[in-house]
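The following blocks contain the structures, represented as structure tokens.
Both complexes shown next keep subunit A, but they swap its partner, so subunit B is in the first and subunit C is in the second.
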Partner chain A sequence: MATTVKKKPLAALEDRFPKLGRGPQAVLITAIAIFAVIFPLLMDPISGTLADATQYLAYVVMGLGLNIVVGFAGLLDLGYVAFYAVGAYCSGWLMSSFYADANIHILVTGTAAQAPGVHVNFLLVLVIAAMLCAVAGVIIGLPTLRLRGDYIAIVTLAFGEIVHVFAVNGDGIHPFGVGYPLTKGRDGISPIDQIKLPGLSQFNSYLNLRPYYWTILAIAAIAIFISLRLRDSRLGRAWIAIREDEVAAASMGIPLVKTKLQAYAIGAALGGVSGAFLGPYLQIVNADSFAFSFSIFVIATIILGGLGSVWGVVLGSILLSYINYTLIPDQLNSVPHKIGLDFNLADVSIGIFGVLLLFVMLIRPEGLLPERRRKIELTEGIGAAETSFEVST
Partner chain B sequence: MPMLTVDGIETYYGNIKALKGISLTVDEGEIVTLIGSNGAGKSTTLRSISGLNPPRKGQIVFEGKDITTRPAQEIVTLGISQSPEGRHCFARMTVRENLDLGAYLRKDSKADISGDMDQIFDLFPRLKEREKQKAGTMSGGEQQMLAIGRAMMARPRLLLLDEPSMGIAPILVEKIYETVVEINKQGTTILLVEQNANYALGVSNRGYVLETGAVVLTDESSKLRTNPDVQKAYLGT
Partner chain C sequence: MALQDAQVDPPAAAPLGARPGDAIRNFISGYGLFAVLLALPVYYGISDLKNDGNLAHLGQNIFQGLSNGAIWALIAVGYTLVYGIIELINFAHGDVFMIGSFTASALFGTLGLTLVSSTGSIVFGLILTLVLCMLICGLLNVMIERVAYRPLRNAPKLAPLITAVGLSFILQNVGLLWQGGSPRSVDDLIHAQQDVFTFLGITVQRADVLAIVVTIPLVIAATTFINRSRLGKAMRATAQDPDAARLMGINVDVTISLTFLIGGMLAGAAGLIYALYQTTVQFNQGFQAGLIAFTAAVMGGIGNLRGAVLGGLIIGIIQFISDDRIGTQWTPAIVFAYLILIMIFRPQGLLGEETREAG
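Coming up: the complex of A and B.
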């Protein structure tokens, strides 16, 4: 049973460009960070590129959140859109005139302070969104605790759809009495209050995008920091242990329930923060944004980048966001027409993802910037220990 | 009073009753072994004690505390750790990372933990040589050493060993058993599950023979070794 190890095409490339050491890596990261900060000053404050970049960064935050659940803890979550929705609705409920009969103003100034409805300071909304999503994450996580692999995926998928259906039909649901519907369905809650933060110039999604960009850049930086710290923490090691071998992890005394729920909660909180940012940035919270395909999109970004790899996920999210939201709809959309076919390329973007992921799986299954351990798993063929009895939790 | 008392436990996998009222005791300082054929309930007994499969009926008392339904992490903290059947090393982690995880629940200083790790390396010099190697690339015997070492990192007073000879070259089994005796001499009580009754009865003080989820015989190991029934069924003589 001698098997010859075929060298992967990209491995040859890697030999020619040896891995950066710690020093050069730090220089590279610093350079990219500096560029990311001054980037908006290089262009018009309402340029399309800046708008795209802001949106991409929001997806980076979501990718990082999902990466904690799927990449670190190994729990395949196909309903991540639920947390985007909950986060976004937090901004919809708390930063608009949607509930016009209520007059609640907390720490807001300017037009928001005068308008009817519920108007809460953006930073508070972020905190509320993170907490609400963490709770939602635990609720979604609880029924999956006794499940493994594919079954977790099915349950989370269903939860994502439940939230979506609630969002779509929310205009008919009045949990807080008549006049206070849950959502505004497909019409969407709009407009949302512009963000106001001390130290940054006027946020205006129509005239000046720079403050929005810097805000999400800061959130992304915090999400990266949290991810890196968690990866190297005690909790991070516990996640890896559970991912590798649940029986062994339980034998070592790693509390499975608590550790898994922590992954769900932290991952969900990041999704909620990103959602709460996208509400005011896009100026609308529309139920149609929370479809299943979005969960697939986020999963695809982290697989492309490299499951469990923080920098890989950052790269994968930016790359796939660019392909999905810029390259396909703006640059290549009319290509099929030009060759005589009657459809837009954007109509088949999910199909394009599929092909792309297929290629990733064939050429570089560990992702673009793989995590060390995953790479070993996929290239050296060291399998996890054989499956054993279920662990009751 | 015995260190561990297991009293009439009944444990299920789903609807299947794997243990039909097992009772046993382990005194401090002993090596006690459970022998029996496949499916007799040996591993299940260990899994019941360690909290991986809590029993539905009966009681388990460790050092005066009822641990029957406590979660696995609390049982580890109380001083029982397990080297699971089939070793279950973290294949993609290094030897050192595996050992580190064994000390997951300990709140001791890093120096204490690395001191314990040095002790493990003294017990199993082979692990020291392979400190930075991925566990999955090691031989079965080496992984078994790692699994035992990892369990020892929790500083247990009672060590549960589940089939340490399974699938391992005989020369390594000897070595592992020498070390098991050494660990016991250093003060750790051991409850040992084995299919290889020869080895198990050779090192242990007392033994229990299990058959289809119940204890059918218990005695001092030396007497079990000469018991004609045991010889016929388990010693192949």
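Coming up: the complex of A and C.
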């Protein structure tokens, strides 16, 4: 394989734009942050754009979680949907009348306090979901400790599929006794309690989406903050060391088992938090949403954004969610009719998504906003001779 | 022979003195896997003996599993070849198999093969279909490599994984537009369910005969080609060390294309067998088949041809036992649970050498 690294077409374009310094970068981020906060006030409280934005932010949180596992620690996880499922089911179990025989109310007010079933305060559910997912992450991580590379991918994929099968068939399992099935299968647990948080107007996923948006925005901001701080911490450096060379990292005294499991646990917890938010937001926890294709979607968002790059992942998640959930199915759907072709774009939407993934990767395999460290490795060709076949992720 | 058999890997970190748990650990890694693999058949064998007094039911499960596993084996060989040579999980491979099924069902129409055709014309037509399916899928796979993987050979390792997923989506969409979204039935040309003979209480159906008669020669041909021919030697050399292979005058690009051609051809054959065996085809059949076949390849030891075949057959058996005794809806979970157990007990797979990846 050629040892010279060809300059990518976009790199030339990049050189023409001066890199932003630290100051202007901060200004840019602040401006975007302010816009993100006031954005719902410019919208109708039930507008579709606001609904989409809320959903995208939930995917950003998941992308950030997966980025810790794949981007920082270099453990290719193809079963991330498992944590979305566990998180979402936490809200399904603890915030609905699904277990109508039980009568548990913890820190809830209003209609939720009157209804039968288990009703727990949303913040508590978030904590429970994060903890449960962290445990699940460690359980999934344990068998992969001896493995590397694609073997990790296949084991995590297997776990993801097992969780999916349990979600679909869970209506036949009664782990907590008769009348308490594990899930409601393809019918889905619905409705879920609306979130209630002090200081925000009434949450209502049919009439007022603004509080939902602000909640997930806050969660996403916290996830970004956690990601940035972790990246620069001792733990983050240990992850990156493992990613670059596991043997060298171990010989430098990094405890591999502990460090890897921490990555799985933290990454999984973020996925769980996002899932626990999507439950009440979408008002349904349906087994069909936990398919393997969702894991692929999340991994695509972070590779598109730039593995390991926090801002890249944010950008990639928003962009890909927009394309996959809004642009192709909604906005472009009527285009073929307008230009006189007789088919719906929805019929070829997965194909378009595929073509897009293909081209973005061919043009820019390092992602939209690559992490600085990776970019240096790629452009200066450190070990370029062996990248062809042996680069370890 | 395995692509990686000849690969000399340094032994994974030499043990620093014997530790107390070592004996147990060695025992588990040596025999634990067999215990895991035998658990289902032995359990149901005992329950059969108790209830029926013979093992015919279990034997039937295992036999049908073998013939069904033959399809997975053919697909798994494609995965393992590609992984062995460029270390890429070719996510599009399952969809190449799906295109093979669709091509077969379309060709039946084109060739005018229907249930009323004479036996001679059906046999001739099926052979022709098989050849065409294999050619089309082989060329499709070569094209996929050329478009989606070759430009990324120097890119980060995850980039081709995403293009593979992209191509998988594209092929699924092609299938969706071609034959529609719902399952489509294929003429039962060979009367798949018809019994051929019964042996020791095991009924052999025509579909089983077809799967075995097509798979065995193909696998033998592929193995012989890779072991004996000059091009096969080039493939093994490229799998071991592409740069050194290039220095020895091997055209690495052609060799990789050849690998994809062989993998695609086997997937095409699997597609034809599947169409006749199941008598329905669907645009998303390739996805599940791809996952199962990749599991089979990993189970056997990825990069190892015989391992892939063995893994395919084992998964076929597990599937049938589980379908019959536990319930179809749980089968994927059971298959993947087996995969995880195998990864715990023997990460290098059943026949795999200890590699860097799985060390």
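Following the convention adopted for this analysis, the second predicted complex is superposed on the first by the 356 of 393 C-alpha atoms of A that agree within 3 Å, B and C clash if a C-alpha of one lies under 4 Å from a C-alpha of the other, contacts with A are read in each partner's own complex, and residues count from 1 in each chain.
Rule of thumb we're sticking to: a residue touches a chain if its C-beta (ideal position, glycine included) is under 8 Å from a C-beta of that chain, and two chains touch if they have at least 3 such contacts.
Since the structure is predicted, the reported quantities are computational estimates derived from the model, not experimental observations.
By the touch criterion stated above, A:K260 is placed in contact with neither subunit B nor subunit C.
Looking at the shared chain after the overlay, A:L307 reaches subunit C, while subunit B stays out of its contact range.
In the overlay built on the shared chain, the residue A:R210 is in contact with neither subunit B nor subunit C. In the superposed pair of complexes, A:A153 makes contact with subunit C only, with no contact to subunit B. Using the contact criterion defined above for the overlaid structures, shared-chain residue A:I240 touches subunit B, although it does not reach subunit C.
Judged by the number of subunit A residues each one touches, C leads among subunit B and subunit C.
Of the two partner chains placed around the shared chain by superposition, neither subunit B nor subunit C is touched by A:R231. Contact with subunit C, but none with subunit B, is seen for A:L76 once the two complexes are overlaid on the shared chain. Looking at subunit A, you'll find residues 384-385, 388-389, 391-392 touch subunit B in one structure and subunit C in the other.
By the touch criterion stated above, subunit B contacts subunit A in their complex at residues 13, 47, 50-54, 71-73, 75-77, 81-93, 97, 100-102, 104-105, 134, 136-137, 150-151, 154.
Residues of subunit C touching subunit A in their complex: 83, 86-87, 89, 147-148, 151-163, 165-170, 172-174, 176-177, 242-243, 252, 287, 291, 294-295, 298, 302, 329-330, 332-333, 336-337, 339-340, 343-344, 347, 356-359.
Subunit A makes touch with subunit B in their complex at residues 234, 237-238, 240-241, 244-245, 247-255, 257, 373, 376-377, 380, 382-386, 388-392. Looking at the complex, you find that subunit A touches subunit C at residues 1-2, 5, 70, 76, 143-144, 146-151, 153-155, 157-159, 161-162, 165-166, 168-169, 292, 296, 299-300, 303-304, 307, 347-351, 353-358, 361-362, 365-366, 374, 378, 384-385, 387-389, 391-393.
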